[in-house]
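Right after this note come the structures.
Each of the next two complexes has chain A plus one more chain, namely chain B in the first and chain C in the second.
Here is the complex of A and B:
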C-alpha cells in the first residue's frame, strides 16, 4: 500500500515536471523561430546575404540579411550595424527605421539588423528574461525577438576555460567567445562568432566602407554610456558629432577614444583591419542594470525602475535617471539622430563624398510620434518587398 | 579547431544524456518526496539542452 502511494506520488511529480518542460520548451522554441517582418522602404535597392561576402557562414543561423540603400548620387559608404548585442533593442530598432523609411539622396548606406542573429534567438540562461517585446503601431503591434549578449549555445559550443582572442592572444572571459563584440576581426576557420566577424570584415573591405557604426545600449552602472567610442581615424568626426548633438540641446552625447590595448571590439579592430573609420554608439538601457527590479517587457520598453533610481540617489550611476525612466523611443531617437548627424558632419567635411539621407526621423520626431509610427504593416505591403529577418 | 569543438560538443551531449539517465534512475530509486522534486527540477535544464530547446 505504502509502495503504491510512492508510485502515485512519483507519477504526479513527473507529470508536473513534464508539463513544465512542455510549456518552457514551447516558449523557447517559439522564441527561437519567431518570424520578424521587415518591409523594405523605397530606399532599399538590394538585399544581400552575409554569405555573399564569405562562404563560411552560408547555411548557418548567422547568415543575416544585408540591406543596401544606394543613393541617387554617388558619395561615401556608411555601414550601420544593429544587434551586435541583441539584448540591446534600441541598437536594433534604430537601423530598422532606416531600412523601412530611409532614402539616400547621396552616397550609400548598408544596414544590418541582426549582426549576431544567433544571439537574437535566446535570452540569458536562467535569467527569466521576456522572450520578445511588442511595439504598438498604427496598424497593430509588431513583435520582435528579445536577444542575448552572446550567441546561442545551441549554435556555438563548447565555451573554453579562457577565451584567447585572435589575433591579439589577449585573454578574455570564457563566455565572450560567443560575444560578437569581442571576436573582431574574426578569422575564416574560427568559431561561428569569429567567422561572422570575418564575414563582416570582408563586407567592409569589399564594399569599400568609409564609416562603420556599431549601435549598442549600456547599463547605467557602466561608465561607457551615452557616448561615441571612436577609433583614432574617427576622433575628429566623433568629437564634432558629439559636440553638435550636445550643443543643440536635444541630448548629451560624449566621446571616448577606443583603447589601443582592448581587443576584439569593433571600434578597435574594424578601424585597424580595414580602411573604414569605426565608431560605436551607446544609449542608456536600465534593463541591463544588475540592480533593476522586475525583468519585464514593460521595464525593457519604458526603462522605468525605482531600484535604479535609488542607485542613482546613492551616486552609483554614470547616467541620470528619474521616474520617467529611459523609454525605448528616447533611446532609438538618440541613435537615429546620432547616425544622421554623423552623415551631416561627414558631408560638411567631405563635400565630394557626401552622405545624405532623407525620411528618417531624428530624436524629437521619434519621441513625438513613437517608433511604431515608422514601422510598416507587412500584411498590407507588396509581398515582394517583405523580408523575414 | 572546429573539428575539436565538434568532437567536444558530441561528448558534451553524450554527457548530458548520461546525466539525465542517472537523474531519472535516482528519481525512480529515491524514497523521499523532497528528493524526487529536486531530481525533477535538476533534470529539466538537461532535457531542454538535450532536445536543443535552450
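Here is the complex of A and C:
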C-alpha cells in the first residue's frame, strides 16, 4: 500500500514537472526567438554584421547588426552602442530612435542596438523579470525583448571559479566572464563575450571611430548614476557636455573619470586600445534596485516604486526619486539629448570634423511625444527597409 | 492598495502556507515550494511556470559543485583514504592533545570548505573524528557539539561559502577578496570550539580508538590520498596561472576529475555508479532546498516581498541591525536555510555598503554566524544529521546547550567583524 502511494505520488509529481517544463519552455522559446523589427530610417545607408569586422563571431548569436548612417558631408565618426547590458532598456531604445529617425548631415554615425545579443535572450535568474515589454505607438504596440546583464548561459557556459580579465589579469567575479562590459578589449580566441568585444574593437579600429559612447542605466543605490564616465582622452568633451546639459536646465548630468585601475569596462579599455574617445552614459533605472517592489513591466517602464521612494527618504540613494518615478521616456530622452549634445560640443571644437544629426528628438521632445511616436510601423514600411534585430 | 499593504499580505500568505505545510509534515523544500506557489497566486500571477522554472535554475551551478565535490569525498571515503588519514594522524600525534586537536579541526574543516556544505563534513569525516574525540575522553554530547559547530564553520570557510556567494551574487558584488575574511574567523572559532569543549577530557585511548575506526586497505598510502587533491588544485592553479591559454572547465568538472583520479587510485574495487547514485540520494534534501529556495526567492522578488523585507531592513536604525544579527541570521537560516542569504543577506549588505562599511568583511562576518541556525528547528538538517552520525542518543536540547558557549563566541566574532569591517578591510587584499 505504502509502495503504491509512493508510486502514485511520483507519477503526479512527474506529470506536474512535465507540465512545468512545457509551459516554461514555451515562454523561454518565445522570448529567445521574439522577432524585433527595425525600420531603417532614411539616414541609414548601410547595414553590416559584426562578423564583417571579425569572422570569429560569424554564426554566433552575438553576430549583431551594425547600422551605418553616412553623412551627406564628411566629418568625424561616432559609434553609439546599445544593450551592452540588455536589462537596461533605455540604453537600447535610445539608439533605436537614432536608427529609425536619424539623418547625418555631417560625419558618420555607427549604431548597435544589441551589443550583447545573447544577453537579450535571457532574464536574470532569481530576478523575476518579465520576458519582454511593449511600447505604445500611434500604430499599435511594439514589443521588445527584456534581457539580462550577462550573456545567456546557453551560449557561454560554464563559468570559471574566478574570472581573470584579459590582458590586465585583474580578478573579477566568475559570472562577469559573461558581462560584455567587463570583457573589453576582448581577444580573438577567447569566450563568446571576449570575441564579441574584440570584434567591436576591430570595428572601432577599422572604421576609425573618433568617439565611442556606451549607453547604460543604473540602480539608484549605485553611486555611478546620472553621469558620464569618461576616459582621459574625453575628459574635456564630457565635462562640457555635462556642464551644458545641466546649465541648460534639461536635467542634471554628472561627469566622472574612468578609473585607470578598473579593467574590462568600455570607458577604460576602448580608450586605451584604440584612438577613440570612450564615454559611458548612465541613466537611472529603479527596476534594477534590490529594494524594488513588484517586478513588473509597468515598474520597468514607469520607474515608479514606493519602496525605493522610502529608501530615498532614508538617504540611501544616489539619485532622487518621487512618486513620479523615472519613466522610460525620461530615461531615453536623457540619452538622446546627451548623445546629440556630445555631437554639438564636438563639432564646436572640431569644425573640420563635424558631427551633425537631424530628426532625432531630444529630452523635452521624447517626454512630450513619448518614445512610441518615434518608432515606425514595420508592416507599413518598405519590406526592404525592415530588419530583424 | 499601497505596495506595502500588497507585499505585506503576500508575505503573510507565504508565511502562513509555509507553517501549515510544516504542520502537515511536508519537508522544508516542499514547504518552500508551497509558499512560493501561494505567493504567486496571492500576488495575481497565477502559477507562473516561467518564474518557477527560472528560480529553480538559480543555484544550478552551486548544486553541480555540491554533487561533484561530495562524489569526490565519498569515493575517497569508500576507498579507505579518509580512514587512512585519521588513523595516521592518531598514531603519530596521540601523545600531544594540542596537535591532535589542531589536525582534527583541519580534517573537519576541509570537506565543508571545499564543498560549501556542512553536511559533507559530517558525513565524510564527522563520524571518524567523533570516534577519536570519544576516545580522548570527551563526552558524547560535547563531541556532537564540536562536530556540528566545526562542520558549520567549514561550510562558511573558503573557498566555497554558499552564504557569501549567494549574497554577493544578489548585489552584483564579485566573490573576490573573501578568502582571508572567511578563513581567519572560521579557523579561530573552530580551534576555540574544540579546545573549550574538548580540553577537559581524559588521555587518548589509542587502542580502543583503533579498534573502532575502520581499517583502511593495506595498499592505501599518502600518494593515493593526496594525488586527487593535487589534480583538483592543479586544475585550479592552471586556470588561474594561464587563464587565457586554457579552456574554462568550471569547478564541477574539476571536482569530477579529482573523483575519477581517486576512483582509479583506489586500492579496493569501488562501484562508481553506486556511489554516484548514493551521493545524489544523500544530497537530495540539500539540492531540493537550494532549488526550492531559488523558486521562493524568485517569487518573492516578483511579488515585491523581497523588496518589502529589503526596504524594511535597510531603513532600520543601524544599531538595531547590529544588535539583532546574532538572532536574525540563525533564525532565518533555520527557516530558509541558504535561502536566507538572498532574502536577508542582500538588503543587509546593501545597507552596510551605503553606510560606508566594508561589504566583503561584513558579509564574511554574517556568513560565520549563519550556520549556527542549522541546528535549530524547523529544519535543523545539519544538527539532526550530526546527532545521527555521531550516535548521540540523549536529549536534543542538551546538545543545543552544549553548543551555546562556542555559538556565543561565533556570534561575537561575526558581529564585531560587521561593526569593524572598515578597519578590517585590509583582510580582503583589495
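Assume the second predicted complex is superposed on the first by the 380 of 389 C-alpha atoms of A that agree within 3 Å, B and C clash if a C-alpha of one lies under 4 Å from a C-alpha of the other, contacts with A are read in each partner's own complex, and residues count from 1 in each chain.
The rule is simple: a contact is a pair of C-beta atoms (placed from the backbone, for glycine too) under 8 Å apart; a residue touches a chain by one contact, two chains touch by 3 or more.
As the structure is a prediction and not an experimental result, all values here were calculated from the model.
Note on chain A: of its two partners chain C and chain B, the one contacting more of its residues is C. Judged by the touch definition given at the top, the superposed model places A:183 against neither chain B nor chain C.
Within the superposed three-chain model, A:6 lies in touch with chain B and out of touch with chain C [touch as defined at top]. When the two structures are aligned on the shared chain, A:171 is found in touch with chain C, with no touch to chain B. Once the two complexes are laid over each other on the shared chain, residue contacts for A:204 go to neither chain B nor chain C. By the touch criterion stated above, A:332 is placed in contact with neither chain B nor chain C. Of the two partner chains, chain B is the only one that A:154 touches; chain C does not reach it.
In the superposed model, A:29 lies in contact with chain B only, and not with chain C. By the touch criterion defined above, A:14 reaches chain B but does not reach chain C. Residue contacts after overlaying the shared chain place A:191 against chain B and chain C alike. 20-21, 24-25, 28, 125, 157-158, 190-191 are the residues of chain A that lie in the contact sets of both chain B and chain C, per the superposition on chain A.
Chain contact summary for the complex, chain A toward chain B: residues 6, 9-10, 13-14, 16-17, 20-21, 24-25, 28-29, 122, 125, 153-154, 157-158, 189-191.
Partner chain C is touched in their complex by these residues of chain A: 19-21, 23-25, 27-28, 123, 125-128, 131, 149, 157-162, 164, 166-167, 169, 171-177, 187, 190-191, 221, 290-295, 305-308, 310-311, 314, 316.
Of all the residues in chain C, the ones that touch chain A in their complex are 2-4, 6-7, 43, 49-55, 57-58, 61, 159, 168-176, 236, 239-240, 243-244, 248-254, 294, 297-299, 301-304, 306-308, 310-311, 314-315, 342, 346-347, 350-351, 354. Residues 1-2, 5, 8-9, 12, 27-28, 31, 33, 36-37, 40-41, 43-44, 47-49, 51-54 of chain B touch chain A in their complex.
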